[in-house]
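Following this message is one structure expressed as structure tokens.
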Amino acid sequence: TGCSSANSGANKGGGAASGVLTLGKPDGPQTNNSNPFLSTSAGATLGYRFMIYEPLAMTNQIRPADKADPWLASDWKWDLNFTKVTFTLDDKAKWADGKPLTAEDVAYTFELLKKHPALNGNGIPFDGISVQGKKVVLTFQDSQYVNQNKIIQQFIVPKHIWKDVKDPETWPNRTPVGSGPYKLKTFTPQTTTLTATPTYWKGATKVKELRYTAYNDNSAATTALAGGKVEWSFVFMPNYKQLFISKDPKNHKLWFPSGLGIHGLWFNTARKPFDNPALRKAMAMVVDRNAIYTQAEATLYPEITNPTGIPLPAGESFLAPEYKSATTKPDVEGAKKVLADAGFKLAGGVLKDPSGKPVKLTFTDPAGWNDYITGLSIIKDNIKQLGIEAKVKTQTAEAWGADVANGNFDATLHWTNSGATPYDMYQNIMDGALLQPIGKASQIGNFGRFKNTEATEALKDFASATDDTARINAMNTLQKIMVEQAPMIPTAAAPIGAEYSTKNWVGWPTEADPYAPPQHTQPSALEIVLKLKPAKK
Amino acid sequence: MTTTDQTDVVLEARGVTKHFPVRRTGRDLVVGRRRTVHAVDDVSLHLRRSTVTALVGESGSGKSTVARLLAQLYPLTGGEIRLGGQAVKAGRGRSFRSYVRQVQLIFQDPFASLNPVHTVRYHLTRALRIHGREATGTELTELLERVQLTPAAQYLDKFPHELSGGQRQRVAIARALGADPKVLLADEPVSMLDVSIRLGVLNLLRDLKERLHLAILYITHDIASARYFADTTLVMYAGRIVEGGDSETVTQRPAHPYTQLLIASAPDPDRVVAEAEQEEAGSGEPPSLIAPPAGCRFHPRCPKAMERCRTELPPRFELADGQWAACWLYADGAETTDNAGDHEKAAAK
Amino acid sequence: MKYLLQRLAFYLVTAWAAITINFLIPRMMPGDPVQALMARFQGQLDTSAIASLKALFGLDKQQSLWQQYTDYWSHLLDGDLGLSFTFFPTPVSEVIAQSLPWTLALVGVTTLISFVLGTGIGVFTGWRRGSWMDSLLPVTTFISAIPYFWLGLIAIALFAVKWPLFPAAGGYDSALVPAFDWPFISSALYHAALPGLTIVLSAVAGWILGMRNMMVTVSSEDYVMVAQAKGLSERRVMFGYAARNAILPNISGFALSLGFIVGGTLLVEMVFSYPGIGYQLFQGVGAKDYPLMQGVFLIITLSVLAANLLADVIYMVLDPRTRREA
Amino acid sequence: MSEPVLTISGLHVDYGTGDDAVHALRDIGLTLHRGEVLGLAGESGSGKSTLAYAVTRLLSPPGVITGGEVHYHQRDGEALDLLTLTAPELRAFRWQELSIVFQGAMNSLNPVHTVHSQLTDVLKAHRPEMKRAERTARAVELLSLVGISEDRLSAYPHQLSGGMRQRVMIAMALALEPEIVIMDEPTTALDVVMQRQILRQLVKLREELGFSVVFITHDISLLIEFSDRIAIMYGGRIVEEAGASDIYRDPRHPYSDGLLHSFPALHGPRRELTGIPGSPPHLSAMPDGCAFHPRCGKALDPCATQVPVLARPDGDGSRTVACWLHQPTPATVAPRS
Amino acid sequence: MAVTAAEVAVLDTTETPAPSKRRFRFLRGRKTAVGLGILLFFVLIAVIGPWIAPYDPDAMSNELLQPPSGAHWFGTTQTGQDVLSQILVGTRGVLVVGFVAGIFATILSVLIGVSAGFLGGMADELLSVLSNVFLVIPGLPLIIIIASFVSDTGDLLIATVIAFTSWAWGARVLRAQTLSLRRRDYVEAARATGESTWRIILFEVLPNLTAVIASGFVGTVIFAILSEITLAFIGVADISNWNWGTVLFWAQSNQALAQGAWWWFVPAGLCIALLGMSLALINFGIDEFVNPRLRTETGASRKVRMRVGFTPVARPGTPEKETRP
């Protein structure tokens, strides 16, 4: 920037004719930082890091069980019960500066992660890293079954550039060089522009320029989307039909599929009477997930229809046989029966626990998280039918975060981790290995202090099992515990969605063609961009 | 009238000095200099029972400062104050209260010295209570009657703004009397009042002096009223008392050139004829009190200044009839001759 | 001169106290930047990233508060404000450098405009008291009582969405690169128009009222009367005598408001998605970004102090009474 | 001293309008002759300043002139009705023909402009043909006229002493050599020495330049000494007007008489001081009839109900007084018991 | 800046008496009356709001985002809540925070400002530095930070925080005032009569500061209300407590304006502006009381136009001659 003619030739606005695709995100002004390893960089926040740095393989988070597409690696092979993986690189791959992309680069990238825990965001316990000709071999101490997708979708950085970097943790990487189809053209806090590299090894892209604009908040981003200023974005908007679709019903589209992460009401199972599974289960039985879906989540967060909490269709293949066709319909009578069986008494509209104390609880969540608060209000109404009196209390995000970690809450809406299998979310909810006493911060997971050795065992089995049957058994056990004990009531799936416009570009992933989650900050965004074609006028 | 015996003296100032520090400037800090306003220097005076002593002088000559020093509102820089023959040094609290019970100050401006938010009743009640006296209706009525505000009931619940200037000044005086003092220090008690009501207040003060045998210090810049109202008159110039004596004598036969200038300048309907003669009387402005002139402070303006005046501070020279002046003109012969006419001649030299 | 020196010493003490408080406040807050970051991603960032982020931000080492404080000062004196957490590893000074100019330009210019405009109108309304202009006062009061963000949002709804005369967000067209050329500058001006207008509208009322009141007060001063008695032209009396004296307190008010430019713009920037420093601070607070918060606070504190000093100087220049010769 | 230069007749001034208006001046009639010093006395609040400002329409809001006429007689004999002048005409008239020295010099000088600028801007406004250097020269001349050295030209008001400020004001008033100078208590804030100096200077200047002076004060002894004629005001009206020595020797109105017996003399025999009982009325609660009657020892019956007009007392052509004691009364004249 | 004007104005009020009976006379006058009227209206709503609210402000219904109608005067929200009820119920929070903060801040500013002014010397220097530090620290960001570090952001806490960050202006003005009062004759006179220091401060000085304190109080209330609403709007304060700011918060986060639901957004804003205006008018009244020159209602009627330097001539009968420049 800075030269006086910088803008003389610039054409305004996006459009297929000019080859520009405009993207937007409501995260505020950015700083010039394209270090792909840092989730705080502009590259990560806006998502353009994946347009520059390519993964070894392209996984599909919304179909995690499908086999990943080869990308930089033409092939990969897991051996020895997922303690060893061998990557074979695609010969054609080369860096944007013309240098070939070699196994050395791949090994260097993994070395970097191993050497700098600060960069190893997925916390993969790398062990042996070796180059064997065109192959790269990684070995691990333990089975990496549950981490397999995280490992194969690792993006690769060029060794010839990174080896001179003194401190990769604080390097802003202002002129990023990757193997991807784009390179950074200009950076300003408000807008980052990427331009296509003509020499991309997979062949030229149709989209010649990507323009990422940072908006300060949702409403500004929504306004931009509605007005066609931004063609691809993901923003939570209430009433998207009116705010977005209705502005151009033919072209304005949105799709919010989910992966294997969910949101739900976490109980503090170390507190009485929520340590009683019957009580939790009864509550789970009356929660109206559909109301949450329509009123709290504005139909943007996919509804969870299965009592196991596994979002569909992403987790279809993991469902235990007994829950294959189960659905969640509020069942007040059933719930009352469960309670009565467990010794709870309903008298005068007030539920009393077996010891005779009325059941009361306080829901907490940060002020300002509207969807959560609305969701809590709905649950509050739902459980009133059981005679349970709930209060919704808001806190500051900080205080709430601390309270949740320390186990200082009754029940709260919170999210889970997600991964290639439901393991990540279940582990997050019920892993006894993560259990901390109340008052001691548990940041990694199991905020609800769920103590169940069966669950802990099943989780361990699933992660380290040597064969699929063992894994299926473990997974079925977990689902059973989830349904029977309800350590947490799933309320909505975590979407990986986006709004986009087909006015200038077509080829977006859709319900019918779910080749990738549509979000532009995900690794698969690259796949989408490569598939985009100018719309026919 | 002139030399009453010492027992009559109620309040006495001996060589009282007050210097105010001046806010220091950056340069002062560098040079290490500490400058002061010499507001009052070496002032001695006696206030006697049943006597009005006038203190006259131009604006800024230090009259109010003397009054406040006598009221112990400021700490002294030097000298001492004796009440009933005892040197006093009132600090705060109890000793200060017992001092102000005997010495009360009346301020120049009756519009400013009564708190606008309080009634007459409040002002008087406080004055009585502070000095440990009952503040019943009769006491208050009596107090108001003493200053001729009758019927008292009509005034008790009034706010200052509902009273005329003269009435306010009376309330201020009543408040001072509430302490049942021996000494009243009246700092220009009438200068803010309308011409037609001044006299009433002055007459009241004189009446109080006679009835209650108060010692009154009457501060004014109006030398004619000093003649009318005071028994003795002191003339102040630039922080020093330059002349003193019986009021009639001081006003009719001023000894100090400054007093002469003052009297020559005062408006006087009878003057008309004598206009031309006084043409050459002194002029110029009063000196800076931060760096007062050496010697006699009046010498830069004095038409009769001599060499000695510039360097040496003139002491008091006693003249006839108890009159005295701090002026070198009277250095010789003052002690030898009792002839009052003499100093007139000396002054004319 | 003495006056200035005295003020300077006073400012140094104030600055020290303010900076110390700036240092302490963020540290007294609960939560930590990593937790805040996790909450921002709501599950899209795995909990396994916590350890790596802690290592990244250097939060895994324990240091006494005193140690941190002395470090803070020694870094500060080196001009090092640390690395921002939100934008790790961008130095705070860079975050500030890229956002401050926008704030200064937009709010600075509009503050100046509203001051000049408001003072001007205030001079006339105060001078012509009892004219129809007095009936504007309630309207002005009403406008000045409207919360700024509300006005801004209504303005966007009307003039950017319903009748798209102005852009709704941003500091310039996203197709452009900041540079000293016409396309960029015109675009920046165009984008500044709506936020600018709303700022002026909501700020001008205060100046009008203040100036009017001073004008009325000064108009009945004897020297204004003397000027009228001297038969001077109305212009000379109004400006040379009345306004010249009436403006003194307003000028120092203006200088003070210059100091608050940096701190007071949060809502403008939020509402109009303006890339300025106020929004940056807001984000920093949300993200527990101590270095950024401290940095912005430092800038605010220093600019307020500088503005105060400026006010003193201006006052000294304009009011000969404060210009005491030593 | 016969030729009038300013005649005021039937002047009424209110503060405010409508029901809560305060009648500050009532039916004022007064003539100023060329070259004379007319003293205006009366206690504070009696309307002296109001009268001075009303004449040039300088009353600040809410002052309103509600009646009467003010005529200025030019040298060529033509009369100018000051109350009908338009703003530009008024501006041209002011200072050129009539200048004012305001009460309290502290506030009359603009604190942010130098003496020089305040002295010359009036020249700039009225003598546009003058050059800058000429204006400065004139400013120097004016200062020397009142005995201030020219190096004070660049000083700001706060750098001058009270006396100097007052003298600067006087110099300024004389800048255009006007016909009339109105001085509103020009010396109250000063001590007697300074006061005499300034007044002496003024008398000298008047002899040189020949302007007329309206001199306002409530210090009656000062007036008697310095003025040719004296008008005494009470409660918004003029109650007596006569030559200075006439008033001194033989005051006709009981209020004038009271005034003269309220201040002690410095010389001569100690006079009997009687003073005036009671206190001045408040304008908003003015007694009916003669405003002075509640304090008057000689009040007659009509005094309480009927306002006496300014009339010549029997057998004296040079003075006027507004008192039922000195004029044929409409009703029976009987002293009240 | 109204504050500056007041500050300057009050310095020359030696001549204005503020007697006790008339101490609150600044509450008279047309502007003040209008202001008080509006304020009283809102106070009334604050008291009875929850009773007269036609619906439970939290209750969701199926009438989603309905424009104003007979059933819902101010329309409904995204979740079918009644906007009018939210505003009625929310009035209390606004006023409570405004007034509690105003009272706290005023007490602080009186304590610090008056002691600094009266005691002088070292105490003055220290207290001045203290209030200047609080002036220098940016208010809103500081409030955001403090508010975000306490776990329970209820009304009272928000009020305390606002009070804590907004007393400094008042303290400064009061200090200047006290400095000028300290040397007044009646204070000296009280001392000369033998009054103790604390009695002088309490009974001689403080009552004379009533107007200044009142004006500072009203100013702080305005500031507190705007701050509170801003905090609620940006989601720092507890948005489950209804006040006008939370109404705006929900409206904004549901993009009411973009959805065309102006009825959700406009009433709260207008209420704030109205309340703010009423307080500003009261302050005007106080300013006019302190500095009578500021009065607009100078008794001037339509007929007579007052103008500085050109006294109008209005002889009864004769029409006024226009005096244009």
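Order of writing sets the chain letters: A, B, C, D and E. Residues in each chain are counted from 1.
In the analysis below, a residue touches a chain if its C-beta (ideal position, glycine included) is under 8 Å from a C-beta of that chain, and two chains touch if they have at least 3 such contacts.
Just so you know, these numbers come straight off a predicted model, no measurement behind them.
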Fewest touching-chain hops separating chain A from chain D: 2
Comparison of C-D and D-E (more C-beta pairs in contact): C-D
Computed distance of Cα centres, chain C from chain B, in Å: 57
Between chain B and chain E, centroid-to-centroid distance (C-alpha), Å: 49
Length of the line joining the C-alpha centres of chain A and chain C, rounded to whole Å: 39
Junction residues of chain C, two or more chains touched: 29-30, 129-130, 156, 161, 219-220, 225, 227-229, 234, 270
Multi-partner residues of chain E (at least 2 other chains): 148-149, 151, 252, 258, 298, 300, 306-310, 325
In the complex, chain B residues that touch chain D: 58-59, 164-167, 194-200, 203, 221, 223-225, 227-229, 251-252, 261-272, 279, 282-283, 285
Residues of chain C defined as touching chain A within the complex: 29-31, 34-39, 41-53, 55-56, 83-90, 94-95, 98-99, 156, 160-161, 164, 168-181, 183-184, 269-270, 272-275, 279-280, 283, 286, 288
List of chain B residues in touch with chain E within their complex: 71, 73, 93, 96-97, 100-101, 104-105, 107-109, 112-119, 126-127, 130-131, 159-162, 172, 175-176, 178-179
For the chain D and chain B complex, residues of the former touching the latter: 43-44, 161, 163, 190-197, 200, 218-222, 224-225, 248, 255, 258-259, 262-268, 270, 273-277, 279-280
Parts of chain D lying in touch with chain C, wherever the complex brings them together: 53, 56, 58, 60-61, 87, 90-96, 99-100, 102-104, 107-114, 121-122, 125-126, 156, 158, 169, 172
